[in-house]
Each structure stands twice: as structure tokens, then as C-alpha cells.
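Every chain is named by a letter (A, B, C and D) in the order it is written, and numbering of its residues begins at 1.
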Amino acid sequence: MHLPLHTRYTDYDTKGHVNNALYLTYFEIARAHAWRESLGMPDEPTFILAEAAVRYRSPAMVGETLEIEIRTGEIRTKAWVWEYVVRCADDGRTIADGMTVQVWFDYEARKPVPIPEALRGPLASIR
Amino acid sequence: MHLPLHTRYTDYDTKGHVNNALYLTYFEIARAHAWRESLGMPDEPTFILAEAAVRYRSPAMVGETLEIEIRTGEIRTKAWVWEYVVRCADDGRTIADGMTVQVWFDYEARKPVPIPEALRGPLASIR
Amino acid sequence: MHLPLHTRYTDYDTKGHVNNALYLTYFEIARAHAWRESLGMPDEPTFILAEAAVRYRSPAMVGETLEIEIRTGEIRTKAWVWEYVVRCADDGRTIADGMTVQVWFDYEARKPVPIPEALRGPLASIR
Amino acid sequence: MHLPLHTRYTDYDTKGHVNNALYLTYFEIARAHAWRESLGMPDEPTFILAEAAVRYRSPAMVGETLEIEIRTGEIRTKAWVWEYVVRCADDGRTIADGMTVQVWFDYEARKPVPIPEALRGPLASIR
């Protein structure tokens, strides 16, 4: 699943590059989109984030158009992996890639619970 | 009331200046401090913000130490003004100044209500 | 000139509202758009921001679609006013409005200079 | 090396937790501090970030006081690892931990170069 990224001037640092922390925000934008559009879930997520990782491949410069791809990686009993690639839409080069681990969470019981069976198929289809 | 500002690298833009929107965040830091320390209120504010204004006097550069001053301006029946000055602690020059208008708010009734009498004195003493 | 706003989950605060400082970032997004699209200018602005003001009309909630309108107000010799309205695209209500004052700036001479004659017409046409 | 973290109201999301992306900003704050204070380097870093990772242990709530620890991990020829732990200063629990990989970079030649010999000792002493 691809979507355009709408960068903001505040995303760029003194070197004219997107600041390193923003990639986790870009991942979150892709995640929220997949959550609503592919899974038809409401705005507030019912999972918690357990891990995140980013590899910085090439700095994104002011004026470049960015896009992001999100795809589901491994699906475990109570958790799953989402993988991301941020690319420059102008020349196709990879800007950054990374992943996050989500844990399905029962906010009332305050503990991880198995991913609902009905959601495993739709989750797996995000690619 | 003066307090030091702890700027972050993400606050600076491509020109090496603190981004214009950050000053409202700096005002919020001063406001939260005054709220807790001068008024002894809990973390969650019980007012709403009605207005904010900033005048940019001199850009704040990477490496400069900043401080902020907050003082109460006019106190009306249901609203009051807080005034702010951001200064460079290294050379004393004014970086930006501005104000915000707060309205005392009953979140249950969802409407503005008069500022509690007991709070008017402490509010007035912030300077 | 209208454009959609792409809010981010990080824009929302603990009350589920867009944080007050973000409106200056939204104004900046509209300004950058007008700068490039209406005026055909490069990414890096050649003006400085002198003033900004926001009036908060109604909180923007998670899940609401926002849009922003920018129009040129007064055009002086060396400065001009941009006015903004942020609306909820779902029900049309005004979320916030405000303005910024820009000063045309010669970065080499480090001083304000008159707005180029050729730019006054295009500037005035932003509405 | 420990330092206090000065959280901002904008760091918290709709659940009252520090947003996941902010931890990379907190890591950056610790990194900048180590860079200037332990290594005596100027404000602008002369390295590039190659990787970052965070594990989320326990959400940080509004009103909690946070602190961060930074220590140098592995030092390779042209790169080194910094490790971070964010803790709640009130009860000592771990909020998040993680690491970043830095590459020593020649901005003129635009390529990675060996870490200066004189810096390897001071780097190793950050713990």
C-alpha cells in the first residue's frame, strides 16, 4: 500500500534534511491510513506499539516529493510487524526504511490478547 | 516569572532559526509552569485558549540559550491575558514577544464561567 | 485559495484536540503552497515573518477532515498580510482563523526592502 | 551520562502518553548533550545517523518526570553505537530504551571516514 507523504517545513532541520525523528511520524501516518482504509477500523487504535526501527538511506531534501509504502510482515499470535519504505517520488531512491511491532491490546484488561481471527486475513493483505 | 527554555534541535528550521510556530509551544511551556507552580493547579488545564499572538523580533540561532518571561495582563470576568517575552540569555536581546487569552471553562457544562474569586489574586501576582 | 490539511496523530493533544501551536504550522503549509503555486517562487522563502495571530473558534477533533483558506490582506510597501481560515470540511464550521505579516527581506543586505513591483499583482490575486 | 528530560505538552497524544516518535527526539537531546559536554564539540554534528531503534516498555504519562541515560556501545572504525534508556524519575521504571548508529562523515568529500583517533577515548568514556 503506497501513499503520498505531505511533508511540512517544520520537518526539516538546519541542514535542509528531514529530521530523523520524523520518520516515525511518517510510519505512523502510513499505519493510521492502513488501519482505517484497509482494516476499516476507527480512528483510535486498539493496539500498542512495542518496537520501532529506522535505517536512514539517503537524506530527504527540501522540495523533494516523498511517498511511503507499508506492508505487513510477520503475523504472530498477539503481535504483528509492519514494514515501511520511504522513497523520493522524483527519482525513486530509497530515503529510509524500517519497521514497527504492534501488539493487540485489551485496554480494559490492560494486557495483550490474541489478534482477532477475522482480522488476520485483512492484515496479511496489506502489501 | 522567568524560566529557562530547553530548545531542541527539531525546533530549528533550514535557516538555523527557531521555527515560527515553536513560540506558541514556548508560551505553552511558560503557561504550564505558571499554572502548576504559581497557581498550584493540576497538570490538566481547566481553561481554553481563545487567542494567541506573536511578534518576531530577532531570530533565535542554534546554540543560543533562551529564556522566557510570563506575566499576567488584564484579568476580565471570565478571561485573562498572559504576556510573554522570549529573550536570548547570552546577550539579552528580545527574540519574540506575544500574548494569549485564556477563558475559564466548565468542561461539564461546556461553557465559559467566571474565574474563581480565590484565583484572581494569585493570577494577578504572576509577573 | 483553499487546500486540504493533512493532520497527523501527533497534532492532537491529550484532550483529542489539535494543539494550539499547530495552527501556525497549518498557516505555514498554506503560505508555502501559495508561495510556490500562486507566485511560482522557489521553496526557500525570501521573506521574514514579523507577526502571527490566531483566534481559536472551535476545537478540531481526531477524525475530522480539515481544510484551510489563505487570502492576501493589506499590501504595504515592504510587507503584506496573509489571512487564514481553518474549517472542518465535514460540517463547515470555523475551527480557527488568523493572520501573519510578512516582510520582504534582502538576506544579503540583511534588511527589509520593497516588494518587487512584478509581485504585487500576483500577491493581490491570492483570495 | 544522565540528564533530565523536559517534556512538553505537545509531546503527549490523545491517550495522555508521550507519542512514540518523540523518543527519537529525546535520544537526539541526549546525543547533542553528550556531543557538546563530553566531547566538547560544536553545535552542528559532524556525523550522520545511520540507524535508530526504540523499544517501548511502559507509557510515560502526563505529569511524570522523565530522565534519560546515554552510553556508548560498540565503537567501530567509522561508526559507533549510542544506547539510551528513558526512565521515570518518580518511580524508576523504564519507559523506553533504544540505540542509534552514528557514522563519522566528511561533509566536503561526502563520504564516511574513520573516527578521529583522539575522539575514540572520550567517546568510550560516555557511560
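Note that a contact is a pair of C-beta atoms (placed from the backbone, for glycine too) under 8 Å apart; a residue touches a chain by one contact, two chains touch by 3 or more.
Remember, predicted model here, so these are calculated numbers, not experimental data.
> Consider the two chain pairs A-B and A-D; indicate the one with the greater count of contacting C-beta pairs.
Higher C-beta contact count between the two pairs: A-D.
> Write down the chain pair in B-D, A-C or A-D that repeats the interface of B-C; the criterion is over half of the contact pairs matching by residue number.
Comparing each option in B-D, A-C or A-D with B-C, the repeat is A-D.
> Taking the mean of the CA coordinates per chain, how far is chain B from chain D in Å?
The answer is 28 Å.
> How big is the gap, in whole Å, between where the Cα atoms of chain A centre and where those of chain B centre?
Their C-alpha centroids are separated by 34 Å.
> Taking each chain's centre as the mean of its CA atoms, how far is chain A from chain D in angstrom?
About 22 Å, centre to centre.
> Please set out, as single numbers or ranges, the residues of chain B touching at least two other chains.
Touching at least two other chains: 9-10, 14, 21, 25, 28, 44, 62.
> Going by the contact rule at the top, pick out the chain A residues touching chain C in the complex.
6, 8-10, 25, 28-29, 32, 42-44, 62-63
> List the residues on chain D that touch chain A in their complex, please.
14, 20-25, 28, 44, 48-56, 59
> Which positions of chain B touch chain A when the two form their complex?
It comes out as residues 9-10, 12-16, 19, 21, 62.
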